[in-house]
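Inspection log for the structure reproduced underneath, given as structure tokens.
Going in written order, the chains are labelled A, B, C and D, and every chain counts its residues from 1.
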Amino acid sequence: MAEDNWGRWGDDDERGTLNLLTDDVVLEAARSCRSGKVYRLSLPLARTGVPLAAYRGGPQRLSLLTERDNLLGVAGVPDEDGACEDVLILPSHSVTHIDALCHAYHEGTFYNGFPASGFEPYGGATRLGVEKLSGFAGRGVLLDLAGFLGVSWLESDHVIAPGELADCARAQGVEIRAGDIVLLRTGWQDRFLAEVSRGDTPGHTQPGIGLEAARYLAERDIAALGADNSGIEPIPFPAGRPLAVHIEMLIRRGTPLIENMMLRELAADGCHEFLFVLGALPVPGATGSPVNPIAIA
Amino acid sequence: MAEDNWGRWGDDDERGTLNLLTDDVVLEAARSCRSGKVYRLSLPLARTGVPLAAYRGGPQRLSLLTERDNLLGVAGVPDEDGACEDVLILPSHSVTHIDALCHAYHEGTFYNGFPASGFEPYGGATRLGVEKLSGFAGRGVLLDLAGFLGVSWLESDHVIAPGELADCARAQGVEIRAGDIVLLRTGWQDRFLAEVSRGDTPGHTQPGIGLEAARYLAERDIAALGADNSGIEPIPFPAGRPLAVHIEMLIRRGTPLIENMMLRELAADGCHEFLFVLGALPVPGATGSPVNPIAIA
Amino acid sequence: MAEDNWGRWGDDDERGTLNLLTDDVVLEAARSCRSGKVYRLSLPLARTGVPLAAYRGGPQRLSLLTERDNLLGVAGVPDEDGACEDVLILPSHSVTHIDALCHAYHEGTFYNGFPASGFEPYGGATRLGVEKLSGFAGRGVLLDLAGFLGVSWLESDHVIAPGELADCARAQGVEIRAGDIVLLRTGWQDRFLAEVSRGDTPGHTQPGIGLEAARYLAERDIAALGADNSGIEPIPFPAGRPLAVHIEMLIRRGTPLIENMMLRELAADGCHEFLFVLGALPVPGATGSPVNPIAIA
Amino acid sequence: MAEDNWGRWGDDDERGTLNLLTDDVVLEAARSCRSGKVYRLSLPLARTGVPLAAYRGGPQRLSLLTERDNLLGVAGVPDEDGACEDVLILPSHSVTHIDALCHAYHEGTFYNGFPASGFEPYGGATRLGVEKLSGFAGRGVLLDLAGFLGVSWLESDHVIAPGELADCARAQGVEIRAGDIVLLRTGWQDRFLAEVSRGDTPGHTQPGIGLEAARYLAERDIAALGADNSGIEPIPFPAGRPLAVHIEMLIRRGTPLIENMMLRELAADGCHEFLFVLGALPVPGATGSPVNPIAIA
């Protein structure tokens, strides 16, 4: 095993590089806000028109109560008043979501050496569940690779190299520091949405960072990593390297991944630094959570 | 109909008092952070041990993939590597959640006059769905009523009066301003959790604000309102006033409600002002969303 | 409105032509069994490889308990003993299913004049729910149209005519009588399954009976009608006749429809008469139910 | 391990004593029908008012489409016509259900020696899934123990003994034969329903057969076993014998169990022999299925 963060924050650590988000880091990020503009970085959590993997089943919203029910009548609520409610059926990794540190395993092991067999169908992950990372904040940095390369989107087979990250950061006036939450814009999502709006069925192949680029980010000690594609790394996996970026980031480094982020508006505004805030659903033992991350510029 | 905000931001407005959260308001809130400490304001989204209403069904986390599956084998992933995923079944109003402006209706009408009949089982709310309020940020203010009154929790039949809010704010050194996100701590949740941990079954009765207190807050033009109880207002409803606070806040004023918030840690730290950030799941047409709101002190 | 069964069994009737299944009819069907061979007429209720409509979401089986959990430990069950359980998420009209009489409406009305608006999200159908037809038995009759025409499957645009039903019945030595449960084999399902097993994505177009053939069956006073296609009638609907067969059978006649039935084995055995038994899940207010109908030859 | 059926039908057998249901057995059962009366042996699959175990979550029916949606408009269906559909969320062991042979394990093993570890969250049971027993028919025999003892229901702590089964069968004029599907009426369900209808919360303790009675039935080589209680055996388990009847029947003998059956109407009619037909939902890899078994007298 190459360089990793196992044991760095103790043998029992379940938060990985989120440990880098000290109060000081957060305070500096909050204080550096310049406009107060709020960006919502989530695509709609919808049944169609967004990136979904068929084997998971799609997200569903189903009405539980509407004005046709009078369940609150027992509480003295008159017929013309009442409440509307839903039941949501959501794959944990639907649309815009965060991967908990128990999402991926390598050689039978999660981050920090916890065994992949530590799962109970009823209880879920005994270690590294999404409730352990739950909510966090820090300095967000956008690397808009499509913008940097002057294209609407990277080609599907583009494997992003470390040098591209470095050059992009320099061109966009940001420096990647320890504890940063780095967001990568490939433009792939714009392509996906454009194809959907034309009535086409988007393909599954996607650009993403290669293993070397992941290591480049890991060596800079980032706290979390997001992208506007479905898996951070390219799909299909580059030859001989299945899950390589997940292994490097989630498992070796303990760095949560945030996928299918909507980064278009940040890019359009040329906003490359911001306060980033994410509140994952604290479902005990879950392997991930749909999220709506917020950036405050 | 008494004083309300219908039409104040246009006849098509679907965000209500969240319109008060201008960039300037957010910027000032972000800049006023003093320690950088991050608070997660959500209870666990668990099957048991948290406030749940039986008719909704409980939240469920079910494993979709674990290390026993090899679904990724087709992508070249070896057997000892792989991914773990879940499916979540979540009532929209589970545990810590936000009420969208289409959650409650009065005399057949939602906020801004949209008809309560504007619901489709497949499509959900055609107006005022939770995706319209989605993510927001602003200055959070904690009124710790239990702390102010020197008790662990308010009695179950305590109907909080406007004067108590005013006195509590003064004692705790905060002023309620236009655009604030006000969080009320009754201590009821601590009582609930204490009873659960003793093995008891907590009762359903709860303290909360009365209609006059709701009006007091509404007149100060707050942006959103949260509490550590299940319905902001008392349960059961005070005589002759079913849903009165929901009607006042959600329907007349267009002010989202955030329920079952975990405010204990903020109170323990004596933290009464903070940057508040909430990212609701942007499920189109949903009446609410489980959330994990974040406070940054 | 043409000929119908509204009021025939009273203004409150919710069982339609299942009323024809008197004890005598059932007894005669049971006594006419000749071999005792049991046929299961349901396709697998699986996530893939079976006819599914995307908008419904697919059926899901998710493990609730396996040998990894020890939930029964509290009941004194030792660790190496225990129970395995699942949660099923099933669209009511998944794969092989029965349409309740509240499944389709015409001019705002269900069978027997009950209004289509009689639906509550929480309570479901106030009338004609699947629990009203629940379980039934009678004489089953197979019309193997593909076999009769000497083809593996009818062409996708084949609209089955009354004369074909009559000729097929005669050729296969059966007579359609009042109270019969008639099953139609178009072969379409075999085509679907063959395409799936070749790795192809089957199209949606399907052969089925036209309105005249539906009337031919209705005039013979059949009790229920099944087929090996997804909607009994052709998909897409013949020009100018959307839902025409559903309207004729479900709404005018009160005749339940059973779709995506697996009839291949009955046909292969040349079995055209049998005891037919169906136990729908008695979910109050549901519009249908996945089923596993049984034929006993 | 005592007497068992492992290997009796081959090392790969996954149907256990259902193998006893030969065509001849079924034919004789079908021919012995005397009245043609159809009994539905399932309680409503409802959210409340029926025996449910909280840890499973309750069954839910949620509307997917009603007359308020116009999803079929794309297929040319006019607004006043359309379809109503639901999504069902059903624990596999909800209300009236069948236990597949992979439902319970003992010393890490299922029936016929298949290992309890043979479970995949995505794929479910690799062996002995409910689809293997799917649909079956045979001679049903009702032993109405409450009726035999002249009580409305057996006391909660009544552990049914072999002699009681023998005496009950004799008194009710039936003989238990190889291949029979035996249904036991304790009356407990009537007590449960009576308590519910009075507004009481029924307790969990229940009468059922003891291990010796299970062996008595197993030695008579029955094909399947049902009862009107929640677990066939008593709850709580008799001292020192956790899961003993499940172990004897499901695991040693390969005999499926059918629980929470509604047997009241059969008993009221004094109907002790009938054709029994059950169509379980053929969900691949599932550990059980809600069912609506049918008896034809």
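Keep in mind that, in the parts below, a contact is a pair of C-beta atoms (placed from the backbone, for glycine too) under 8 Å apart; a residue touches a chain by one contact, two chains touch by 3 or more.
Here the structure is a predicted model, which is why all the values come from computation and not from measurement.
Student: From chain A, what is the lowest number of touch steps before chain D is reached?
Tutor: Steps on the shortest route: 1.
Student: Taking shared residue numbers divided by all residue numbers at the interface, is the value for chain A and chain B over half (same) or under half (different)?
Tutor: Same, since most residue numbers here occur in both copies.
Student: Between chain B and chain D, what is the separation of their C-alpha centroids in Å?
Tutor: 43
Student: Averaging only over C-alpha atoms, locate the centres of chain C and chain D and give their separation in whole Å.
Tutor: 24
Student: List, in ascending order, every residue of chain B touching at least 2 other chains.
Tutor: Residues 55, 57, 60, 62-64, 66, 71, 87, 89, 119, 121-122.
Student: Once bound in the complex, which stretches of chain B touch chain A?
Tutor: Within the complex, chain B touches chain A at residues 21-31, 33-38, 40, 42-46, 55-57, 59, 61-64, 66-67, 71-72, 75-78, 80-93, 102-108, 116-117, 119, 121, 124-125, 131, 134-137, 236-237, 242-243, 246-247, 275, 277-294, 296.
Student: So in the complex, the part of chain C that touches chain B is made up of which residues?
Tutor: 55, 60, 62-64, 87, 89, 121-122
Student: So in the complex, which bits of chain C are touching chain A?
Tutor: Interface residues on chain C, with respect to chain A: 47-48, 55, 57-58, 60, 63-66, 68-69, 71, 89, 119-123.
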